[in-house]
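See below for the structure under consideration.
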Amino acid sequence: MIRRRFTSPLVLLMSLTLAGLLIVVVLDLPPQPGLAAPVADAMDRSGVRHPVTAVLLNFRGYDTFLELAVLMLAVLSIWSLGLRDPIPARPVQGPVLHGTLRHLIPVAVVTGGYLVWVGSSDSGGAFQGGAVLGAAGVMLMLSLPREMPMPSALVQRLGLSLGAFAFLAVGTAGLLTGHGFMGYPPAWAYHLILGIELAASVSIALTLVLLFLGGRSRRVRHGR
Amino acid sequence: MPWMDVMADMALAPWLVILPLAGALLAGLWPAAARWWGLLTALLTLVMALLLALQVHAHGPMILDLGGWAPPLGITLVADGLASLMLLMTAVVGLAISLHALGYLAGEGRGHWFWILWLWLWAAMNALYLSGDVFNLYVTLELVVLASVALVALAGGAAPLVAAMRYLLVSLLGSMAYLMGVALLYGAYGVLGLQALGAQVALSAAPMLAAVLMTVGLLAKSALFPLHVWLPPAHGSAPAPVSAALSALVVKVSFYLILRLWLTVFPALPLSGLDVLMGVLAAGAVLWGGLMALRAPRLKQVVAYSTVAQVGYLFLLFPFLRAHPEGWKAVVFFAVAHGVAKAAVFLAAGTLQRAAGHDRLADLGAVMRGRLKTSFALGIAGAGLVGLPFTGGFIAKWLLVQTALEAGLWIWALVVLGGGLLAGAYVFRLLGPAFEPGPADRGRPLPAVMEWVPLALALLTIGLGFAGTPALSLLARTLAGGGG
Amino acid sequence: MAADVLTPQIYLLCGVLLFVLGLHALVVRRHLLLKILAVNVMGSGVFMVLLGVAAGGEGGVDPVPHALVITGIVVAVSATAVALVLMLRVKAATGLARLPRSGPED
Amino acid sequence: MTPDLWLLLIPLTPLLLVSALALPVVGRHLWRLTPLAVLPALAGALWLPEGAWAFYPWLLLGTELALDPVGRGFLLLTALLWGAAAVYAQGYLGADPSRVRFHAFFLLAMAGNLGLVVAADVVFFYTSFALMSLASMGLVVHEQHFESWRAGWVYLGMALVGEVALFTGLILLVHDAGGHGLVRVWEQPPGMAAVILLLGGLGVKAGLVPLHLWLPLAHPAAPTPASAVLSGAMIKAGLLGWMRLLPPGSVPEALGTVLVVLGLVGAGYGVLAGVFQHRVKTVLAYSSISQMGLMTAGLGVAMMHPALAPALISALVLYALHHGIAKAALFLGVGIAQRVGRTAALAWLLLPGLALAGMPLTSGAVAKTLLKAPMYDAPVDLSLVTLLLSTAAAGTFLLMLRFWVLAAGGSREPRPVPVSLWLPCLALVLGTVVLPWVLAPEDAFKALAVEPALALLWPMGLGLLIGGIALLLARFRGWTLPRWIPEGDLWVPLERGGQGVLGWVSRTPGFWHMPGGGFTLALVHGVPRLWAAWLDRVARGERMLLRWETLGLLFIGLVLSMLVAVYLGAVMVMS
Amino acid sequence: MATGGYMLLLILLSSLLPGVAIFFLREQQFALRTALNLGGATLKFLLIIALLVGVYRDGKTYSLSVNLLPGIDLVLAADALSLLFATLSAVLWLVTTIYAIGYLEDSPNRSRFFGFFSLCVSATVGIAFSGNLITLLIFYEILTLATWPLVVHRGTAESFRAGRIYLAYTLLGGAVLLGAVVWLTLLAGSEPFTAGGYLHHLSADQGPVLIMIFAMLMAGFGVKAALLPLHSWLPRAMVAPAPVSALLHAVAVVKAGAFGIVRVLNDVYGVELAADLGVTLPLLLLAIMTIVYGSVRAVFADDLKQRLAFSTVSQVSYIILGVALAGPIGAVGGLVHLVHQGVMKITLFFCAGNFAETLGIHRVDEMRGVGRRMPWTMTAFTLAALGMIGIPPLAGFISKWYLGLGALEAGLAWVTVVLVVSSLLNALYFLPPILRGWFSRREGPWPDERHGGGRLETHWMLLLPTMAVAAMALGMGLLASLTISPLYWVTFIVEFEYGYDHIWRAIFEWETP
């Protein structure tokens, strides 16, 4: 088709133009202070010591809350597409895998927990921790025999919404206690944040596993 | 009123996010009771939206720093006239959709998924309307997209799945463009708050590129011609309550965001030039959507293309923004009027579809004659779409034409009026089957609520015909542009 | 130091290139998997730009863009997961992992 | 009875009777009461006090009715003729299945005719006039032959043209006068346009040449009693109208001249065309044209010399009365003549014919003498007019000869003549003799003098001479009267021409015959098809947009073009 | 707000509510539907009478206003002109309702029909009581909406085509009108109708704009009034059932257009301003062209209803002609024709409906001898048709009389030529059916005889309304000087509302000798 012969180069040409323009603009971005200074100033009231964690869970906690919501929604969306056998259809069997997993999973759990805990003061946090835990879960899924029962649907749902619920509950509590929505009393901030992080990391891990499965397995039914 | 004073410093805005979100979470936990959570949430949200609108109307815009962190560090919730009007519209239409879904989804095995996703969508939209932070807006946008896509795919079958896929990809494309804009803005100014950005944005390359990327990204999401192709299949093939939610509400979300950006963040950027381009696209949408609606063989497709056409009106926003300081209000009122009317039309279409078992216009006559209430709702709400008097559509059209003429932009007035004619043509085409001779047939038995809800919404369209003044005075409480 | 000044620039440059590359691929590639990947590439591009911005600020490394990137990644992951599942469903329903040329209704 | 009610009853009685015809059971028989409907009018003509006047503010635009001397004369004539014709119709129609309809229209026309006589404001005059004109259509086409339809259409067409001309003229009068009472109207001299319109509008009714075309067609076509009133009473409405609306003295004298000329031409032409006719009633119709021409000329003289007006007007009233009665008697007589033997027929027709020609001792003599008398006294020499009037009388006699010949000739089917036929006829025949002595005895006496009698007799002699020659030619040389002038004279070529044009038009593609008009029809049928095809093309465009290449192209294109737009805007802002 | 404002609302609702209720009745609920119909119609009639008494005897003013947008109100008000139009609508509605009940006996979808029928009348009364241009526009559009279902009521392909064309025209008109009204509102605000107009204060340099707006307004109202290039929907809409045609042509739709034009000319622009702007003459010319064109087309229309439709095209323009003459007498002629034409045309349509329903007669040439079979209907037809021609003493004559006088008064004597030509053309198309009906002999059976054998020539519910309106057509002419006559009323309007103080005397109090 003639049109196609024209459109492809045209798309390329226009993409290049756009790239050029973008490059010019980004390279020409004026130096600006950013928010490093305000973050640094507010660190002592944040309840944590790592600025990224402070931003994630306190200053822009609402973002993170919604992000948990996105994750959960993604799972729900996938579930809503109906029952389907998860991918892969057949777990990979073999002694090496089992052996590796037997060692790897505890390590992953410990690492994940550590990452969550360390998030308040150093690089790390719920997402990182959750991701590691999730990876462990994925491995587990790959190796589990088909017949093994999954946690019940309610448990899955509870685990899935744990993070969001915890965040929402804390946020609403702040609203009701006069600290504003998503506000923590400074004294409690650290504990609350840690609690939220823990809950969130469980949810994130579970979510990742479920996302990996890409749909509710029929096996869920058996588990009930 | 004394209780208004009490209300003055209550933070109502967060509840509009908390309530539907909590509802969504609870519905997810107890799917069997999802519909009751949904109804409860809908009712509470409506009450809250009403209270918020009254509060804003009485006391002006409310700005809430989340977590007590003031900008630029924290995120703000902004409940001003514009936001509270959109919230109210969403709540009213949302309640209607919920009630209708009660009947529409009765007996559906997977009906609870609608409720869960719908409450998520609602929460996401409310969060978006209230958000005062460009990045937070991105997150809410994604929430909206995921929920909507899942809702579209809910119908199952090849057509809805393909439509959902296309919708998702276009939306993601739009989101990415938007996010790039956010990055550029942060790169240039180091802040994320709408007000803060507005205060800083000046005429330079980075904000220009950011504005364009964000706007075009959102245009793709709001299906402005010629980026509309994903909409008709998606809205046309989804279950009726979903179609109603998408066409009446979700499309407005990205429009709202564009409006918000240009009103608050980019007032420093010149609109001359852009207004012509957007005007042309808007006119193209009105014409194209109208023509396609004249041709589509199925009821819901017609209505979906009608949305394409009516989105065109929304983007007369740019010429109006440039030419008239109050111009955008007309467009917002139009968005509200269209939201209510379009929801009514889609819900009525859903009722007819359920009763007849299909929605082919040619064979719909008997059921339309048998289901008088629904046909009526279709008629009245259709009149609202056309902009016939006593409906909100008329007031909206009036405001649009008035604004256009006041600003001397008679050509856009012509677009509005001409679009009304096309709308008339396709709306009356919808109603035509009801007047063919032949027997009346009520079709399959349906719960009464499915007939009453569209009718109630249609009557609300008439009510909107008298809501012009309060709506405008609410809109007058909108936060003005920061730097402008 | 030249390297310090250049690092953020490289991030920015690569970010932009990735973004446009993704955009181009999203448009011209037919297969849905490629399209989904393209969206991810676009996202990565934006994240790189954000990181570049974070590094290029005046007051040292800015933590906020980092937080944004983390959030963004999670959001992207979610969207990608949904898109992939949807793709599989489309393939199951239509037999093709690509979007049909014309609407199913016509 | 007060004049108020009485005057109103004059036109109202026939209308009430018409309404009564619609009554469920008795209505079918009430047509027998038709003759009684003229009674209030007749009584009014005889006994209403001089200057009776009544005002009915609720009727139409405020209606005035009055009876002045002119009106009295015309009312008498009208009432007599309609009454006689009504009686005659009872017998004439016999068992005609459509007789109720005939009587309904008869009564309507009667009401109109009576009403216009007593009308004292132009609106009521016009109303009555229109009622009369339109209702007589029902009389003309009553027989439903081709001939009657043809005559009816011509009549109706011309009557309508006359109506609208009259309407326009009246509006002009009323506009100038600021009111529609006749007295008010007289205060202002009518404008030129009004004069012309009224001349024409009423001229149609009065058979003014060349507006007379309907007369020779309608009279033979209509049932005999209808012809009688048509020719005897209704055409006088035109004359009365002129008297009422263009009173001598307030109109330009030139109008008088025009009327004199047209009247004399009519008088002559009526004779000329009449003698070449081959049907009895047609001859009578042309005679009416001729006689109306004479009266028109008389009115014209009055307009030329307003000083003579009072005398002329009263003479004209008498003339109208005379002509009406005589002509009606002739028409009714024709109906009888067809049923009796040749001699009896001539006996019935002789006296009114002679009266028409102006035989001394008859009403004709009195009328003609009275009409000419003021002209001799005129300050200017009107001898040409009088001469021509006399010559016209010769023509009238000639015409009567022709009439007698035709009436006596032809096939006849002797039948009994019921009393309802001969009684009214007899009354009218007698009326031609008796009336002048009753109404204007001294004038009647004067007309017996030698000089006027001579003036009356020589034209008759002339007519006799010409007629005699023609008769002799016919008898001895086998000469038959050529059909030089067809019935309806000018109408015939007009009709031919019109048919030609219509034929030509109808051969052209039937644009006008399509229900919604050809052009619109083509649009309605053609456009949807084009439209559908075009929409399909649009839909193809939609499918193209659906492709990702296009979508992406548009997306990036939009980004770029928006950038350009914003940039241009920025440039504009900068500069 | 005047205290009696709710009266106006009540009058609107008296047809609206029964209408809405009727929609939801089942087909078989004949008695209830009839009761609602007649009850509503009678109630409206009585309310209007009460209103008339209130206005004229007690001197009350009625108005009701609801805020629509800042500075823009929905205003219902009763002035003499609105009362005239409202009374016309109410009376004719009552009559047509009876007729329609008879006409639609045993036909399907009656509930729907009567529902929209009532909506249609509500809209018309709304138009009548509109107190400003925006309100007028609103009800005008509602009327479009309410009439379309009536046009397509039969549901045949032909009626849908007619419906499409109707919509195409009316919606276009509505759009143009909306544009014009908005524009005018921007210029002069949303003023109530004011006798003599409310645009005087605008500066002179706005003349071209005002002319433009005037043209748009005329185009908008002209669609429904079937002014020349915009008339073609009307003959097509004849596929509707006879009562619809009757109401459409006599009262609702075309009159709404004409009424709008009258309002604009007299109460928005004011005649003087309009004349100064030079817009009355083009309007006059347009009206004249329409008059002649409609008549010519009517002559060539074979279908009886088509002929009546084209006649309407022509006759409605008399109203416009009258007001466009820009003089008091012309206004009297035009306004009185608003009523007269309504009554006469509704009579004609009733008659056409009677012929069609009783004998299956649809074409003019099928009318041979119908006078003998249906003398009453034929009498009514004759009266109304003659009235249309302008034959006294029927209503049409009164109109034409004052139109003619008005033309002379305005110094436009040539307009009388138009009246003359049109009258002749009217005669040309109305006389053939009359003559055929009365004087032609019937050979063979009627096309489709239905109501045979009764004592009456047709169903009494068809005959009675027909005779009633025919009697009105006669009475309005014959008794034009009575205090209750339309002429008297119109003169009152022109005298007191438009402030021509000599008109009254000129028409009713001329000296008597």
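A few points about this structure:
Residue numbering begins at 1 within each chain, and the chains themselves are lettered A, B, C, D and E in the order written.
What we mean here is this: a contact is a pair of C-beta atoms (placed from the backbone, for glycine too) under 8 Å apart; a residue touches a chain by one contact, two chains touch by 3 or more.
Predicted model, so just to flag it, every value in this text is computed and none were measured.
Under the contact definition stated at the top, the chains bordering both chain B and chain D are A, C, E.
Distance from per-chain Cα centroids to the pooled protein Cα centroid is smallest for E.
Comparing chain pairs B-E and C-D, the larger number of C-beta contacts belongs to B-E. Taking each chain's centre as the mean of its CA atoms, A is the chain most distant from chain D. Inter-chain spacing, taken between the CA centroids of chain B and chain C, is 27 Å. One inter-chain figure worth recording: chain C and chain E are separated by 67 Å, centre to centre, where each centre is the mean of the chain's CA atoms.
With each centre defined as the average position of its C-alpha atoms, the distance from chain A to chain C rounds to 17 Å. Annotation for chain C: residues touching 2 or more other chains are 12, 15, 19, 23, 26-28, 35, 49, 52-53, 56-57, 62, 64-65, 68, 71, 75, 78-79, 82, 86, 89, 99, 103. Shared contact sites, meaning residues of chain B that touch two or more other chains, fall at 135, 139, 142, 146, 149-150, 153, 173, 180, 184, 186-187, 190, 209. Touching chain pairs in this entry, ordered by label, are A-B, A-C, A-D, B-C, B-D, B-E, C-D, D-E. Against chain B, in their complex, chain D makes its touches with residues 535-536, 538-539, 542, 545-546, 550-551, 554-555, 558-559, 561-570, 572-574.
Listed in rising order, the residues of chain C touching chain A in the complex are 9, 12-13, 15-17, 19-20, 23-24, 27-28, 49, 52-54, 56-68, 70-71, 73-75, 77-79, 81-82, 84-86, 88-89.
Taken in their complex, chain B has these residues touching chain A: 11, 14, 18, 21-22, 25, 28-29, 64-69, 72-75, 77, 110, 113, 116-117, 120, 123-124, 127, 133, 135-136, 139-140, 142-143, 146-147, 149-150, 153-154, 156, 180, 184, 186-191, 205-206, 209.
Against chain D, the residues of chain C that register as touching in their complex are 23, 26-28, 30, 35, 99, 101-103, 106.
Looking at the complex, you find that chain E touches chain D at residues 161, 165, 232, 235-236, 297, 300-303, 306, 371-372, 375-376, 379, 386, 389-393, 397-398, 400-401, 404-405, 408-409, 413, 416-417, 419-420, 423-424, 427, 431, 435, 438-441, 477-482, 487, 506-508, 510-513.
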